[in-house]
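Input: one structure, supplied below.
In this document, chain identifiers A, B, C and D correspond to the written order of the chains, with residue numbering beginning at 1 in each.
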Amino acid sequence: MTLAAVRRSVQSSGKLDMFVFALTGFLIFLAIFGPLLAPDSIYRSDIGNALQPPSGAHWFGTDDQGRDIFWRLVAGAQATLLSSVLIVAAYSLIGVAVATIAAVGPKWLDELLMRITDIGLALPGLIVALGFAAALGPSLESAIIAKAITGWPVTARLLRSILMQTMTAQYVVGAQVLGASKWRLMTRHVLPNSLDILIVKWAGDIGATVLILAAMSFIGVGAQAPSAEWGAMVADAKGYVSSAWWAVAAPGAMIAITSVAFSLLGDILQVWRDPSLRDSR
Amino acid sequence: MLFELAHITKTFPTAQGRITSLDDVSLSVGEGQAVGLVGESGSGKTTLIRCALLLTQPDGGAVTFDGTSMLGATREQVRQFRRQVQLVFQDPFSSLNPRMTVEELVGEGLVIHGIENSAARRRDSVAEMLTVVGLRPDDMKRYPNSFSGGQRQRIAIARALAIRPRLLVCDEPVSALDVSVQAQVINLLREMQKALGLTILFVAHDLAVVRHLCAHVYVLNRGKIVESGSRDQVFDHPTHPYTQALLAAVPIPDPRRRPPRRQPAPAAS
Amino acid sequence: MPSRYRSYLRFLGRRLAVTAMTLFGLMTLVFLMIKVIPGDEARIIAGPEASPAQVEAVRVKLGLDAPLVVQYVRFAGRVAQGDLGTSISTLQPVVRDLAEVLPSTLELVVATMVFSLLMATAAALVAASRRGDMVDSSSRVVAVIAGGLPTFWLALVLQYLFAAKWRIFPISGQQSFQFIADPITGSPLLDALLRGNFSAFVNAVDYIVLPATALGVFFAAQLFRTLRASLISILQSEFIVAVRSKGASFARILLRHALPNAMGPTITLAGIQLGIMVGSAVLVEGIFGRQGLGAYLQNAVAQKDTFAVLGTVLVIGAFVCLINLVVDLLQLALDPRVRAAQFEGAAR
Amino acid sequence: MNAAPDLAAAEAVEAAAPELLRVEGLSVSLPGGVALVDGVSLTIHRGERVALVGESGSGKSVTAQAVLRLNDRLRIDGRVMLDGRDILSLSEREMAGVRGGRIGLAFQDAMVCLDPIMTVGDQIEESLRIRGVGRAEARRRAIAILTELGVHDAADRLGSYVHEFSGGMRQRVVLAMALVAQPDLLIADEPTTALDVRVQRQVLDLLDQFAANHALSVLLITHDMGIVASFADRVVVMYSGRIVEDASVFDLFERPLHPYTQGLLAAIPRVDRSQDELAAVPGSPVPPALRPSGCAFHPRCAKATEVCRTEVPPLETMGGRRVACHHPATDGVHAV
């Protein structure tokens, strides 16, 4: 792609938007159906075929076990991407619950929850997740659990401040004057006008979680060999990078593409939510 | 008297100690009257509205509606109060929930108070209300952001009046509107007052608008009522220095009444 | 001004109290985490070959037989005295271990942050001043891609290309053999500077370029996006038009007005990033053979070295709290509105 | 009629004073082609005070900023002659000299038009420092102008920030910033709209006195007819990006010729007398993107005919004033 083409595609954001939708849609499709599409051979070693460079038969080459990297990437989408989607969904739910309770509950409860949130925010997620995952035994499941229970503080903080702001909006006061119950105020007026920020955040968070989940596999506390989780594939291949660069390059590129695609999706949604942000992100 | 505030006092804590927002404020609004409350920014008028609408508990004093004391009222009494006292805000852009259609907005009070439980009949009520305030019934399906400021203020008025309240509190309802549109909304409020026998408490900083709309006027300065009386009394023969200064400062839209042009001051370089 | 000085001190006192509370909560949390999760510490410490009797002896010796509350109080008491326990893998006090590995990580993190901030600020100034044109568009494309690159993968690729293949930078370690000297601070970069040894400094820089780049690209991309967005939003604000109407040149508007006003969110982000960076250091320290906090923690986790993990997490938590404090002070110094809000709040 | 001598005086100013700024056929459009301002022409003489009046979307503020070329994203056509020289063709560097130096601009909301993290002293002095004035001299002049604008402890207030000031003080700072480099023309964009009525009167009086002291020309942009009547010599009324009427303040209030001006004046409630009904103009001001064909006001105009729907009325001179209407009120005014 020439620079002029990059420029055109960024400027005519309509086309770029469509491309991002198609790409994220395709990735989610892989995450759901990937393992069904991939042939069984990717789980067996075939030493005779080891470390083949990319070719017509093996588009992205083979690894040290002679397994086809392309099909391993297809199969591994589930472990990487679907897990990330689940993680974000899980911690967003926790975050929404904590924020809502803090916003509508008594003041002491708000204080308590926000102090706990502060403690959660004071620790790098990767570090806590590392401790969790190590304690539960290294596996994809424990990495998912660890990330799911350490991801909520940011969401909770953000949403609480938005809820507090929305609760003082004039149309909420208006509904109060009209006699609306607390339940109606929250469900009809406050939450619908506060939660859209989360939808935007979800997309970007999925991109970030893909990176973290892969990183956890890479340092050995996430998915274990012979899983085709993309971070684990990079970890597997790092020992022979000088003889088979493609075995590191291909899964790394997939992680990057997925992460970029979802953060772009987040940007697009953000512009939809607030068109004045166009071009400023 | 339909509505009375008696000796309302309200203070807030700040870094420099408690500041007094309202200091022994009393006012009363008779059924069918339009009463104006004039106040500049910082006069306490926002706090006064919040106290009057039971959104904030005053430190002392009494709020009485239709003979019932509303401070310490039962849940049912407050519900009745909410049905009979409504509010129109200053800014028609932030006072309407952007995610509700005009039908939902105008019909919300009917739902909340169980006045019209059938959706079809409710739609008829909303359509009728929209016609009354000068909008088309077809506008029902649209969202507030597709209307101009003046139209939004009509929607806000329709929303407040749909449950047929007896008292309408207006918080600077025209100050965010263009001059040519202001007059439309002022005229609409006057019509509503006459046609529905509505009682209006009109809070504003714009003296001319208050003079035009209200028969009785209160002047609020630094949390205190400094002057009150009939419209002509207050505007033509103000007794308090604050009211006099306020009236003297209003620019009159008539060039013949301006003072002669200033000459260069001798001290100027 | 003495009254402002006092306000600063009062603010600092209040923030330190909050920090202490946070650290206390953190300590409790970490302690519970270690205790609640499955796995018998006494057995691990005693080693796999130990007899049940030996395990019991270890349990009694370390006080692991006491009720949880008692263990917690003892633990908290020791932490208060600066004793984070003994590591079972290095058999040294955890505090001493940490003192050995911390300088290396701090050196990496600080170098990375300086690199990221410089890159991001320069790029954001150029992009924001040429908004919408080709330079801006391409820098945004680069930033989006850079923000999605997995750090560990980038480290491998950089190492393979720049060290193994083209031999521009060393593959791993922190300095060449001939420059190794008794540590002053433990950071080769800083030590060389303190000694005034220029070639040793250049050598240490050589070693840190690749890990800092691998670690920094992601953060620099984030900083760029944030700073560019705030610069653009500031440049669109009304007071910039007012400055322009006074006859100010664009350079003056950008550097004297837009940049100082836009730095707030970027400083906040950089503070958050420093904490995350310490965590992410795990990813590159292993690859580039740096003996830092990350490598230490990774090893401690693998060995289920309770006190080492606890100590490391607490130190990182304390570091994050310290950064937060510094960021708050910076914001205070930079923005009079924050000052007003904080100092008036302090009087309440 | 007691207005007669004043009227004569105002016309005398216009005739005697030389022309300072002449805007000819100024059009300002968005990148998409929507004209925010469509062919505006007006003249300001030395020492004259012109009010530019309009509602939202009328293009009055856009006109002001276009004169100083402050928005690079907008396309500007036409000519802006300052002392006979077209400043739209100046280089950016020369233009920077005009901004603040020849033409000062004061904004409505001081809270958003002052740099929140720079002291007000630095901001006032900046106008001078840009022009190479030394630090001490700049400080001296900043104190002098603030004092003239009624800030008594000016020297002590220079180290303060915007948020530490009251609304009236902030607005004085904004005026000081625009005036400190001694421009010939002040463009004041709703300078008192955000203020309470008593403070507004103070600020207007200060501006009045300052303009008198320094023979300053003022282009006052406002929607408030009360302010217009008490400050301006001449009034230019805009509607949907075009000038609809231009007359001396006495002529305009006494005999408005354009139906829009008439409607605007009739719609204002008066504080000095009780009225029964306000004559409201139906409908709302149209944003420029939705400007109808022909006369932009025709959908709201009671006198509109077929020609109003199809043809844009030209701004025609009649009896020393200008009006753009196919059916202007002509009672008492005869075309020259």
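To be clear about the criterion, a residue touches a chain if its C-beta (ideal position, glycine included) is under 8 Å from a C-beta of that chain, and two chains touch if they have at least 3 such contacts.
Since the model is a prediction, treat every value here as computed from it, not as a measurement.
Looking at A-B and C-D side by side, the one with more C-beta contacts is C-D. Among the remaining chains, C is positioned farthest from chain B, on the basis of C-alpha centroids.
Chain A and chain B have Cα centroids lying 49 Å from one another. Centroids of chain A and chain D (each the mean of its C-alpha atoms) stand 53 Å apart. One inter-chain figure worth recording: chain B and chain D are separated by 32 Å, centre to centre, where each centre is the mean of the chain's CA atoms. Residue positions of chain B in touch with at least two other chains are not found. Not a single residue in chain A touches at least two other chains. Contact residues on chain A toward chain B in their complex (touch as defined above): 169-181, 184, 188-189, 192-193.
Contact residues on chain B toward chain A in their complex (touch as defined above): 53, 55, 79, 82-83, 85-87, 89, 91, 94-100, 108-109, 112-113, 156, 159-160, 163. Partner chain A is touched in their complex by these residues of chain C: 18, 21-22, 25-26, 29-30, 33-34, 37-39, 131-132, 134, 137-138, 140-141, 144-145, 147-154, 156-157, 160, 164-165, 218, 225, 228-229, 232-233, 275-276, 278-280, 282-283, 286-287, 297-298, 301-302, 304, 309, 312-313, 316-317, 320-321, 324. For chain C in complex with chain D, the touching residues are 237-239, 241-249, 252, 256-257, 260-261, 334-337, 340.
Considering their complex, residues 2-3, 6, 55-56, 148, 167, 196-198, 200-201, 204, 208-209, 212-215, 223-231, 249-250, 253, 263-265, 267-272, 274-275, 277-282, 284-285, 300 of chain D touch chain B.
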